[in-house]
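In structure tokens below, several structures.
Consider the two complexes below, in which chain A is the common component and chain B and chain C are the respective partners.
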Partner chain A sequence: MKSIYKISVLIFLTTMLASCSDDDGTMELSGTGIVKIEFDNSVSGDDLILGSSYTNSQNESLTIERLNYIVSNFRLTDKDGNVFTYPKEAGYFITSEENGETEVVLMDVPAGRYTSLTFGIGVDQEKYLLGAEGQGDLLTKAESTNMMWSWQAGYKFLNFEGTFTSSTVTEATNFKIHMGSHGSSLDNYKETTLSLGSEAIVSEEMSPIIHLVANAGNILDGQNKISLSEQAVIMVSEEKSPKIAINTSGMFTVDHIHNGSGDAH
Partner chain B sequence: MPIKFFRAGHALAGPIIQIKYPMKTTIYAILLTILGACNSNDSDYVALEDNKELSVTVPSNFPPMVYNVEGNPPTKHGFELGKKLFYDGKLSANGFISCGFCHEQRFSFTHHGHQFSHGIDDKEGTRNTPSLANMAFFSEFAWDGATNHLDLFPIIPITNEVEMGETMTSVLEKLKADSQYRQAFDAAFEEGGVNHENFLKAIAQFMVMMVSYNSKYDKYVRNEDDVTLTEQELIGLNIFQNKCASCHTTDLFSDGSFRNNGLPPNPKINDLGRAEVSGSTNDNYKFKVPSLRNVALTAPYMHDGRFGSLESVLNFYQNGVQDSPTLDPLLKNGDTLGIPLTNNEKQALIAFLKTLTDEEFINDERFAEY
Partner chain C sequence: MKKFIVAFALLAVTISLKGNVVPDDPLNCTSHVSLFYYDFCDTCGCSGNGGSMGFGTGLNNNFIGIRYIGQYYRSRDGIFANSPWIDENFNTLQLWTQIPLGKRIIINAVLPYQFHSREFANTTEQHIDGLGDATLLGFYQVLKQTPDSIVSIKPEHTLQLGGGVKMPTGTFDEANLEGSVNPSFQLGTGSWDYVLAANYGVTHRNWGLSLMANYTVKAKNDKEYRFGNQLNYALNTFKTYYLGTNFAITPQAGIGGEYFDKNEEFDLEVTDTGGNALFSRLGIEVNYRQYALGLSSMLPLAQDLNNGKVEVKSRFSIYANINL
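For the complex of A and B:
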């Protein structure tokens, strides 16, 4: 009888524990999963369509022909503050609107309930100074997507091009915004942290999609106002490039998260 | 050997990868063992075990080497591949302009007699070809510091439309189509293959080995072979230390900094120098202080090769320095610009500068094209 009692107590306790866990929503998640991050390029609430024009708050009308940027060093944080850092040697991605490459796929993410996402825009000096070995195939990809900055022997973090008109520039005029670090003298790599609003749940069976919206309007018309009528080609400007870097890192918001098998948007 | 390869240069974060790496290493070790076993029967194959590491010279009178040799240790086959690439016109759009076309060994790897670098289709650049001697001891490259890593430097001339006018991708395609190159890349690197990383590593290995350290001056300061300097050379050395060595520091004869030395800008070019990289007007007309090693061989002088002789250079520092907001303060003493020099002092300085010529370096067969 005694042993039966013991066993029943154990069963009871186990049930209690299990039910407690369920209530907390901390059901055991195991294994690893894939996290997809969609970079949905837009302009101030409208879908970005290359070749279409958008008017900003500075009354400049931009026809965007190219929007490519490098995103890197992804980190996912759960509600307890545990951080998963994506491996640096696989952690650099070039997104390109014209090539339709707007999704970043993070492999082998440990099971968990993640509540915030951090990533960088561009390539940090630590990575650059690893030399040939550290760049892996990023240089190859950068060259094929117009993101290699050959006369700086480095990377364009952002390549934003098209034409514009304004009250003072009435003929459609090319604009080119290339932003990156300026050799060893100015580091324009910036990171951004976004609260996911809800949980992105990762496990052996669960591979979430984090749907971000990137508001390209922010690049020139964000926290800092950059007038194309004043200067339409900005590549290495000690004053404007850091402002563009800040605007660009601030263009991302979390739109929604799909939890599930990771197939459906 | 495999362990060494994977140790190099990776900053790892996160517990997952720390587990992954040893596994990966183990797998590679197994694969290499299998490959090695297969290939021991194949006489054409250059076994990796034969790819011995080369020793890199760090002369006792030099500052420490900046280049991280452990991240890319020069090896026999890596160096040979780097040299093959260095002298191959395939790296340019028209197939004729190699690195060695402008960087000629007998002139300490400069383009003697050419004010500007010449590129494909007779195009001309706006700057004078700098020497490649002792690059592993520097942290900024090109006249304006367009890169701060030696590995990534070759991208600049290869992709410059007035120099080699190519894309890296196209160069690699040409090399991939060549079985000799495929073999050479596989022999040089444990993770073989014709790719950006191995391409840049090989050229860097070739450059890292280019250490010029056996001039008359070096032997004198190291007390080697009873070498002495003449009285005039010693006077020149003394003047140099008093009047030149605040920028041309150490036995590299450069502090690697960017400075405006007061050259009147060429109005046809108006090259802003460092400001083109930094975007800062504070850097207008600043250029990297060049090393003076083998300086007697590297005419013409200055970033734009405007001066044909050392005499003209010294005359400029005596009389030609032009004031501007970014002029280096060391060249401005009250209202006096430049460096006061008498004719005798100039003669002595030139005598001293000639002791920096390193015949062993310019005749070193390891670096020779033929």
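For the complex of A and C:
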């Protein structure tokens, strides 16, 4: 009897201690913080390494030498459905694998618990129609990163280049996929919305990193199948570039969110 | 390392083949064989892995000693299928003791010193060292073996129930979360964690069997990180061979398993954490008078740690105790 008493005391004490340690962790979030978005380029599960080869489902072997794209118009939705829209005048970013520029930094994001992210791939017509003067430094950046045809033709939203071989093209052949809106005649700007699967917590002290993976394999081998053997240079194509735009907007997934002071990935 | 394990296994087999006879006068035998040896990984920051905790409890087996535990892991440095593997070595040196408190209560205490290292793909090395998380456990002996009986005609049962605390004496450093997906490269969990434990053992003549389980409830640390709760279990068998009046050798074999809940940070689940592993275990303890020297190795039989991004390769431990 005495031993049962002792055991119950022991169990009681440990359970009590254990339950004490849990608290609900509702933090007061205030002020504004930075949100970093990492665009980690990959090819079907592997880290994208420029110059290395992979084979897609159409049996074409691609060696990717360049992957640049424009991302824009970021919007963050919190758990209550409130939407924060990043200021349009600062809202255009060029990511470039060859330059190692794969991180987008959003400043002065209001405190909150964000659960979904929306952004555009490319430059929307509203921005383009502001004319050359309304582009800010986007124009010069685009020119220096091979993301511009000419002002009249417009921005390249995607610059995807390299060489390939296939059963019919046995010699390594250059491919160039330059996708954009072609002035104002064909609008290829697309937006994508990603659920974060968790929360990105923003406050004066908290600057989360949203780690996205972009699967470059999807550009030709996504929802739409684009054969390089059939056409290796695709620029102004009313038929193919809208398909590539859809594929490109579908290449992003959320890998993980890193909450904290923003130093660690 | 592998060679060593093989040699060690062979040694155990050789000894068991020799066969043995219980000494004529067992009361003269001063060796006291341990029933329970935990080779469990405590989270010591290792949530999936990392500094094992060890408690020896057994037949009047109060002791003080030191133990070294080496654990060898590899983990993905990155999120991709072609991200490089990096080797991680967790080294723990422990001061451990078991002392009685009255007739039925025994106290286990472990004070670890950790020195871990890992080498990244770019060949830079990272070392962390310092005190690990100290553990203090109390057990109530529900069933106790007859004092000083080494060999009994009837099977002897032991049952111990207890619990205790793991104290945040080891440093948890957020910066170590960077670079690798293995969040366990830490000296400690940084939190007060609570342990519930149960040990059952049966010995008959010089054979023994032990079953152990413990559950660690982990709390959130001041960096808002919380390692997942952990369940450990083990089954071990052993046989003691008495060589003369002063010597005894006890080869041991068993299996052990570990299960980890996912970690949380800011109350949100951390991806690629949690998992489980099952180990085979071989060990041997040599007793001379009141001194004990032990070796044990653990090799994984099956594992799924951190969504496959952490792999345990092996564990090895060696200890020297003085029975009190």
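Note that in this section the second predicted complex is superposed on the first by the 235 of 265 C-alpha atoms of A that agree within 3 Å, B and C clash if a C-alpha of one lies under 4 Å from a C-alpha of the other, contacts with A are read in each partner's own complex, and residues count from 1 in each chain.
By definition in this document, contacts are C-beta pairs under 8 Å (C-beta built on N, C-alpha and C of every residue); 3 or more make two chains touch, one makes a residue touch a chain.
The shown structure was predicted, so the numbers you read here are calculated from the model rather than taken from an experiment.
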Chain B versus chain C as contact partner of A:211, first or second or both or neither: second
First (chain B), second (chain C), both or neither touched by A:136: first
Touched partner set for A:176, first chain B, second chain C, both or neither: neither
Chain B versus chain C as contact partner of A:66, first or second or both or neither: neither
Partner chain in contact with A:128 - chain B first, chain C second, else both or neither: first
Contacts of A:238 with chain B and chain C, given as first, second, both or neither: first
Interface residues of chain A shared between complexes with chain B and chain C: none
Residues of chain A defined as touching chain B within the complex: 84-89, 108, 110, 126, 128-137, 139-140, 143-144, 148, 150-154, 182-186, 236-239, 241
Partner chain A, residues of chain C touching it in the complex: 78-83, 104, 138, 140, 142, 161-165, 174-175, 177-179, 191-196, 217, 219-220, 224, 265-272
Chain C-facing residues of chain A, complex: 3, 6-7, 10-11, 13-14, 17-18, 21-25, 27, 40, 42, 45-47, 49, 198-199, 201, 206, 211, 213, 255-257, 259-261, 263-265
Residue ranges of chain B touching chain A (in the complex, touch as defined): 8-14, 16-17, 20, 68, 71-72, 139-142, 144-153, 155-156, 159-160, 167-169, 172, 195-201, 204, 274, 276-281, 283
